[in-house]
Amino acid sequence: TSGGGGDTVADDGIVISGSSTVEPISSLNAEKFHEREGVAVSVDGPGTGDGFARFCAGETDISDASRPIEDAEKAECEANGIDYTELEVAIDGLSVVTSPENTDVSCVSFGDLYALLGPESEGFAEWSDADALAEELGGSSGESQQPFPRIDLVVTAPGEESGTYDSFVEIVIKEIAEARGQEAVTRRDYTSSPNDNVIIEGVRGAPGSLGWVGFAFVTENSDELEALAVDGGEGCVVPSDATVGDGTYPISRRLYIYVNNRRAQENPAVADFVDFYLSDDGLASVEEVGYVRLPDADVAATRKAWQDARAA
Amino acid sequence: MATTSSPLKPTDLRIGRRRSHVERVVRFVLLAAAAFTVLISTLIVAVLFTEAAQFLLRVDLSSLWADGWYPRRGDFDILTLLIGTLLVTAIAMLIAAPLGLGAALYLSEYASPRARRTLKPILEILAGIPSVVLGYFALTLITPQVVQRMWPDANPLNIAAAGIGVGILIVPIVASISEDALAAVPAPLRDASIGLGARKISTTVRVVVPAAVSGIVASFIIAFSRALGETMVVAIAMGASGGALRTWDITQNGQTMTAAMISLVTGSDNVKGDTEAFQSLFFLGLVLFLLTFALNVLGERFVRRVRHRY
Amino acid sequence: MAADDSEKGTKLHALEEMAGVQTGREAGGHVEDQTEHAADAVLRCRDLSVSYSGWCALRGVSMGVPRNRITSLIGPSGCGKTTFLRCFNRMNDLIAGARVEGEVLYEGVDLYHPDVDPVEVRRQIGMVFQKANPFPKSIYDNVAYGLRLHGMRDDLDNRVEEALRHAALWDEVKTQLKQSALALSGGQQQRLCIARTIAVAPEVILMDEPCSALDPIATTKIEDLMRDLVGRFTIVIVTHNMQQAARVSDMAAFFTTEVDSQSDRRTGTLVEFDATDKIFTNPGDERTEQYITGRFG
Amino acid sequence: MTSTVRTPEVSVDDAVRAAITRRGVRDVKGAVFQVLLLLCLLLALLILFALIFDVLRTALPVFADRGTDVLTSGNSSVPSRAGVWQGIVGSIAITVTVILVAFPLGVAAALFIEEYAADSRLMRFVSVNVRNLAGVPSVVYGILGFAIFVGALETFTGGRTMIAAGLTLAVLVMPIVVITTSESLRAVPRAIREGGFGLGATRWEVIRTLVLPYAAPGVLTGTILSISRAIGEAAPLILVGAAMGFFRSSATDGFWDTLDGTFTALPVLIYTWVRQPQAEFRELTAAAIVVLLGVLLITNTGAILLRNHYEKRRA
Amino acid sequence: MAADDSEKGTKLHALEEMAGVQTGREAGGHVEDQTEHAADAVLRCRDLSVSYSGWCALRGVSMGVPRNRITSLIGPSGCGKTTFLRCFNRMNDLIAGARVEGEVLYEGVDLYHPDVDPVEVRRQIGMVFQKANPFPKSIYDNVAYGLRLHGMRDDLDNRVEEALRHAALWDEVKTQLKQSALALSGGQQQRLCIARTIAVAPEVILMDEPCSALDPIATTKIEDLMRDLVGRFTIVIVTHNMQQAARVSDMAAFFTTEVDSQSDRRTGTLVEFDATDKIFTNPGDERTEQYITGRFG
């Protein structure tokens, strides 16, 4: 244990809640920290929104988040006098995947993805059904692969209850949908599963498959899945640690932790834990659980933000 | 001993104050416990009805007849879930009814007392297997080894595997209630048939089964109701994903009421905030409650018929 | 049994006075008179009827049970003997749907008076059942059970021994008091039940076919025991066995059933009540005679 | 068939013998039928063995590599570090709550229904009500638990805690306890009760000294079986907010710390793990199932043995 | 019953020849002789013993059942009457642990020969049970049950009617053949069971206390029926009711139990077998007399 006021440490422990996407990182760091310092850390992942609700009620020390805090949540925290520090800790990339047998397609634009998966694509049974729509959208979103092959389009992807679904809609679909006056959702007629195994199996199973999963799962199953390059307006980029890390791969999001400043001051264990989280050891967990490490510049920025907060 | 001299008064025939006091207190405490059971059902009904009513007031009623169950998009097509539930339950019954009844017939009519003593507990163990375990079994063994062999294109999450898993779960229910009903058929009926020169199979098929028929039907109804309410097997084997379209294809992914409820509360980000979607949970709960309640009342009635007959 | 007969002879002499009082009886009809004249009746009932869920199982019984005598109740199956017996210690209260009408007096007190607590009634009017029903406890605890309930805890050992001695069981079980009562033979179990009953010092003992599940030797023992006990208690016994009624009882009541031709339901009634030898040698009612000679039932 | 036959009994013999002797064909239909029924039974049992075999086979490498470490480690997002400890702690705490609440309440309610209540319409309603409660799906109890124990009684239960979960499962199990207890009470011979009443015992004295001791084994068996049902339940726990995902808690250190905080239980842990993509988690799931089945096997076999033991003694 | 008595008188005359043949009997002992001389016995057993799980319930019974007569089996409870009766149609096969030793001949054929099919035996030797046990089917289907089983499907309606007529039930039920048999009264149910049995045209009808659950009127009807049927069938009846045995049967066999003092187990034996009036008026064995006069049992 560090320094002086170790008396309250053992009693209080550290409470973390929030995004289930970030939970694996925090959870692994909690383990490591526990092994090292003997401090108990409790982590769970009901979801970002739930996490903030608890965080702003002062129930948790740290909140995991897969998106920045929203205005309503900010107001809530303010009302309760909760002062916090936002720390970026990792990047989560989403891979658009198809079967390795599908050699006709190698790169898709956001417009293509909207045409294949967006709300207007419902009923498209073959890839080529999306041609017209993709064409219409083609101009606005870069390099398009169409015409698509005439093979069955079999979509397997996370369901609406999942954070990965939300991220996909947020990054890929939302803008185009809003521009077209559509609801920001995907098509409904696909096999949705909360179980990533099943998605991988579904994508592997059909030559015309299409789906999206967390970036990490592709690296683990690279011989069964083909990750498509994505064109976000600046040319086709294949997802990799490097392209996701430096942000050139367009479908990625930042993952955050929010630290309650007062708790960090009162309970040295909380501060110690955040120190550890941002240390090289702690950030190594990001890759261990399958996310992408922040670029060095961002790491430095995060560390600085934390140092400033501690100093205050 | 005889007290002829001083005649008794009624109050002489009373027990001590302490004993009668204890009696009253105990009675009250036990009554309170029994009343508690009534309270629970009242609470269930009250909670379900009020929240479901709010849901129905708030939601656009036409969304109850959309063509899919996507609570987060405001599509609450209950028919999608009813079809999914029906398919799972029907497959489960197709498996459990013959298997359970066959096992019950064997145990009650053919097995030696010793065989029965060893085999019945094993069936009871099957009844004690938690549904998460059967869900795992359905997902990891039944889907690849059974369903995908019959239909190579079957989705890894499919209605058939969930149905088979639920079917295995309810086999012991059918077996044990049917066995009770068969065992309740009075021996004299069997004797009568045998005394007329009937063979075992004739006695079993023409006398014992017809005599036990209401118990057998009851076992089917109760198992059916249990299958309707089964959650985890379906949630695992069929996926408790956010939504589903109407489908009758058992090789594909579908959605039951129970799995839909689980997916409503297991969402990761930003899910529980959406009140309408969340309240649909209570609406589903109410529909499920009413369905199983009706079935159980029906099943009880059949069971009682057996009891009354003999 | 021969010994028994001779003993019975002397008892019957004593009874003749009783029987003398029991006059004024025609066949059927005016049964009520029977009770008015009973000399020293511990229990007395007037126009007693019992119905189960609205159907009358026993109608209009009036009679008195003489003190320190054995009164037997006989009659064909289903005529309401058990029903009648259970009115005397309010055991019928335990049967949902059973309703008792009329009057049952115990030492002049109406047993069905609201101030009367059936629990106390049952201590004073004990019961022995058809099938021996020892509790699944030790022999000692069986006898001590009632004593403990009623706070007769002082000198428990002596009271238990006393009761077992009176029940003619002490010598057979004194070395195994701590053993389970269920290990005893049927006859021993029944005597244990009698011991358990007399331990709490009741006034009256009601016995419902206490020997019907026993072999002849055990039956003889119980019959001897009853003759022993009758000096201290009043005994009412239901029996199916004519011979037993004749051997053991001083007074006998004969019940039968009347069939309601419309509903095909049967209702029990008291046909006659008299000294046992009178009933068996010279019954006043044709039905009694037919029954005793085995011509019906 | 045979008329007045006098001396040559031989012919009668033959006629009768021919009539009552087995004909060539044995009872084929009957034999086939019997075999079919036996197959049904065996198939049901075979499924059980296939399941157990499959789980054991998958779980074996985990136990071989890590030994009891799987039992004592907490949850983790790294499969090789993950264990079932929080699940065990949660399941134990929930089970204890269930026992403390459902057992006394259930037995008391059953005693009232069977021993005290007159056979009135009201009481028939109560016992029908209990039977129906036993048939209500467990998810519905989850909703009830969420609305009542997590919501309305939050100040008392602390929200999404083991207490709320335990109370929810207690309410779920209680009707089963009532039913099995009622059955054991009804199995107490009338003669024993009458013996007690005949000696002037009050109703409660009869129950306490005679009925309950006699019914105890049956009551216990029923209770154990219903509690083991609670141990295997996942759906209501998920509804009352058991933690999913790679939840860690201070339970890795201590038992009591976790009573008022986030919790999980063995079946929930299984549900979480079965959805993970890594193959190692599949093995881990199997290992957790082995642990769960082990616990249930012990409790259920115990209950069944207990029952058989007493049944034999009674017979 | 008076009518019955007169009828019985004539039947008894016819029996005297039979009884004449049944000589050579001392009290107990040489029971075997009894069977050798039986004139025209449909069923005959020699040294028949039955044991349940190793314990002998019935020992060394030899007797013959005369054709077209009513033979009654009487004796105290548990003496093995039912056990004995069930040997005649191999119903004991169904009891696990039951073993039959000795010989049972039906028309000279050993019923326990390995080639004999018990199912066929039971068609030819039908059985009526103590408690009426109609199937929960319609009246018609009850009677048709056995007929269908044995492929006697042609002319089913007539056969059913015939059987019901013979069972003296036709007039009471002819308008309600499709109704459930369970709605009939106890006596009607028992006659239905008899109809069901005679429908398949057996040679012998075994009846195990067929009237014990019935009221006197229904009992009389069944007794009349038995006297009617005996011209066409051979009837063996177990009864507890001495009067019934006396009223209805031509021959009577008296069984009793012998208690093994060591193991306290009882074994049944045949005491005597003779013309019914002989057994009831002038029994050859003291135990028979004691039993009949009600002095034991």
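The chains carry the letters A, B, C, D and E, assigned in the order they are written, with residues numbered from 1 in each.
The definition used in the following text is that a residue touches a chain if its C-beta (ideal position, glycine included) is under 8 Å from a C-beta of that chain, and two chains touch if they have at least 3 such contacts.
These numbers were taken from a predicted model, which means no experiment stands behind them.
Greatest Cα centroid separation from chain E: this falls to A.
Among the chain pairings, B-D comes first (most C-beta pairs in contact). Centre to centre, using the average C-alpha position, chain A and chain C are separated by 87 Å. Centroid to centroid, with C-alpha atoms defining each point, chain A and chain B lie 40 Å apart.
Chain C has its Cα centroid 51 Å from the Cα centroid of chain B. Listed for chain C are residues 119-121, 124, each touching two or more other chains. Counting partner chains per residue, chain D has residues 200, 202, 205, 241, 244, 274-275, 282 touching two or more of them. Of all residues in chain B, those that touch two or more other chains are 15, 19-20, 199, 266. Interface residues of chain A facing chain B in the complex, by the touch rule stated above, are 19-21, 45-50, 66-67, 158-163, 165-166, 183, 185, 188-189, 191-195, 197-198, 201-202, 205.
Those residues of chain E lying in contact with chain D across their complex are 40, 106-109, 111, 115-117, 120-121, 124, 201, 203. Listing the residues of chain B that touch chain D in their complex gives 15, 19-20, 22-23, 26-27, 29-34, 36-38, 40-41, 43-44, 47-48, 51, 98-103, 105-107, 109-110, 117, 119, 121-126, 128-137, 139-141, 168, 171-172, 175, 199-201, 204-205, 222, 225-226, 228-232, 235-236, 258, 261-262, 265-266, 281-282, 285, 288-289, 292-293, 295-297, 299-300. On the chain A side of its complex with chain D, the touching residues are 13, 15, 17, 20, 23-25, 27-28, 30-31, 34, 40-46, 194-197, 200, 217, 220-221, 288-289. Residues 74-78, 81, 241, 243-250, 252-254, 257, 261-262, 274-278, 282 of chain D are the ones touching chain A in the complex.
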